[in-house]
């Protein structure tokens, strides 16, 4: 046990000297922290479960750039009532203030309340435009039984009212013709005591021209939440595939090397067949015909990736086999399984670790590529799927860089961190293998 | 003097410090003479050979002293002049581990012809004739020119390497452990070949080896090196004929099996060669020397001429 | 070159191809038969539309007879193992059956025509890429090997590591956004302009369309090559034969581009062909981003239209090219390394 500890300590001492390896390790730690603190980082807590559920995202703007990239444009925000007053029985008045100081109007104002509207409820809206007086939208009866949701820009009464102000502009441009403080008043007429209580929570969702840290996509999804939610899948896909693959490759290689003879010959024939199959096209066809899931994708990668390392492992295994201690163990009557597991495998372990790290980037890229063409697992959020959606929705043509760049950069960064770590491990391991 | 080495220093500037691989050595070679350099591995003999070719590679550097070949100081030559006028034309080299000295993907003929053509601007056919001539000199058939190195045996490869070293009729051939990797019979053949060539072509040799019994066969004079310094220098007579003066040489000789003498027991030298990063104070051999006394630990002995042509660096012989 | 070695290697490659096609047939037979049956029903329906003056009974009879006949012809009545064997034979002889919805440019419905039409375009794009990336990688790698640890050397290593996890199609999307839509330098996809230019302009037009996909592939590709060449050359440069060549007074040019390069050339060629295989393995779908009408785009379109016969045809052709690459690799290796000839 002490030996192992000393070994690790020495390894760490060497590892620390390799700068790129340390960069990779620090990046990896950051990625793991992102996964651990995911619940706190997600702007929309149900991102994982409802990524493909458009109703979850309906109150977000469409194709909005990130806030930091669109200064001078209104960001998405939620307005809470500044004043709540009751004028007589069941006549509730709510005041909202919106400070408009932007060069373009928000896309929409959505009046929302997560409480079922009782029958015969009426709402009238008035908006005070700074320096221009107040406009009133005639009161209307609200549809009952469902929660309240009125997107103003799509409301015909509101549009008519706006047309009266400026017939040549679209309704939001007409409303937000002035900079300054907009006061919005809702007057609810109803006959339900509980609804009166609930009304305090009425809010206005301002669908800005900019949204959040990374903007939104054509399906109104918050891209920051998507990218954060994709992190754990990238790590799972990469690490699970790499670990299983390398273990298969190592055991295949040393078994083939150790037994030799017809076992070696037939195992090498199997290897030749496997390397002669173009993996990615095969994955496309299999995923297209059979139902795709993340575990099927990982399984397929594991079934093929091992071929990449078995050749080297076999060559090293052939060298180890010649070592005297192997002969000695055989002399003592050790079983071949014992020799493979206790003597050959531990010697290859450092090499295997380096190869694992180096395999992660390819695994992530493969999954992303399958997702790009729509063969990913639709029950989870991966960066490939975000990019696939971007591709079919014409994000490139429309220059929606906030949709295309972040998931790709994330893929590159995660791949890079593992590649750096693998390179560092390889630098340490390679000379040791040479002296074997 | 055809080769004169004065106060040569070769240092390796490694991450852990400066290694004094060769530290102030002096010797010279007359035309037609064979100088043997002996010592344990790591004593700086190969480095000395490489320094004469001016081929010390990073992080090593010739840190001081002078090497002159036929009166020309090589440190004043440019790399191009060195390459065109000295290397292989004046001084050629038969390397340690000659097995790997032939480019595996070139035929024997191609690498020989290439060398001749580059230096003499000769036509290829003419060069090929020369190559064949020297192959014949070393006792190989002409059709070896068409062979790849892996098709030849170890002894044949070594003969090819020797033939290659002679192509441009150099005056000095540095032989660095030319027989180490060969079996005993082939070893003897190669030694005889080298001796014959020397007579036929009037060559000078620097013969580097750790094996004193070989030096006894070939060398006229001997340089014994220890930890980057010369500890004893003398003719074959001085070293083999009488008892050598330096304790290290004595030990070295005692640990060598002799062909023509019956030895009851082989001696060995206790201890390990010193760490050249932090060489011992005083005489570098003192930690392993059975006769060491206080002065050996404190002061470094100079190389003192004790008789005509015989120099020793040891406090005991004063 | 030993011709028996060549013949044996090619034969082995062919046998592996047959075996893999057999494996494919096992995996995909069920779904392919389903499409075949649907095709037959459709064909019978069309034939029946042409029938005049027949009673419903005759109709039913006709349907039954035709179905039996066609099932016979396509071996659908035989036991499953035989059906798989037939499928294998059909696939090896390029009889992939009819596409369910795709058409080739010449309006052919044969899956084979659709795939063969795309093949040259893929070969054009990817071999050009490999030639360029390979050349850049070779010279950069040799240059770095001369000065290991220099700034260019270290940047190349980092570039190689980063490019490992960089999807070519993503870089394609980014480049397209920059160079096609922001700065309108390159065309936005495809291989030809409309209307089709004539004469020399026809080829220039193809080059113009190929430029951005090519730049993208090269920008990703050369790092890894340079890195591999560099590692090979660095270890070769430490070998005795290099020291020996230098001692012979040969100039560095001859040592590096002669002795060193010639000696590592088998491994370098391996790298080149492995790159080709890598392109087939992973880069193919890259074509979809640029609407480059090659094998990779056929996968995209066949997927969108759920055209299984075309998918399987595409896969079989891709596999064939892939195996040809592997065989070619072995032959080149044997050709360049004199030690192989003696061994085999």
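Per-chain residue numbering starts at 1, and chain names A, B and C are given in the order in which the chains are listed.
What we mean here is this: a contact is a pair of C-beta atoms (placed from the backbone, for glycine too) under 8 Å apart; a residue touches a chain by one contact, two chains touch by 3 or more.
This structure is a prediction, so every number in the text was calculated from the model and none was measured.
Ranking every chain by how far its Cα centroid lies from the centroid of chain A, the top place goes to B.
Core chain by CA centroid proximity to the global CA centroid: C. One finds 31 Å separating the Cα centroids of chain A and chain C.
If each chain is reduced to the centroid of its CA atoms, chain A and chain B end up 66 Å from each other. Averaged C-alpha coordinates give centres for chain B and chain C that are 56 Å from one another.
By the touch rule above, chain C contacts chain B in their complex via residues 239-241, 243-251, 254, 258-259, 262-263, 265, 336-339, 342. For chain B in complex with chain C, the touching residues are 53, 55, 83-84, 86-89, 92-93, 95-98, 100-106, 111, 114-115, 118-119, 148, 150-151, 161, 164. Chain C contributes residues 13, 16-17, 19-20, 23, 27-28, 31, 157-158, 161-162, 164-167, 169-171, 173-174, 176-177, 181-182, 188, 277, 280-282, 284-285, 288-289, 299-300, 303-304, 306, 308, 311-312, 314-315, 318-319, 322-323, 326 to its touches with chain A in the complex. Chain A contributes residues 20, 272-273, 275-282, 284-286, 288-289, 358, 360-362, 364-366, 368-369, 372-375, 387, 390-391, 395-397, 399, 401, 404-405, 408, 411-412, 414-416, 418-420, 423 to its touches with chain C in the complex.
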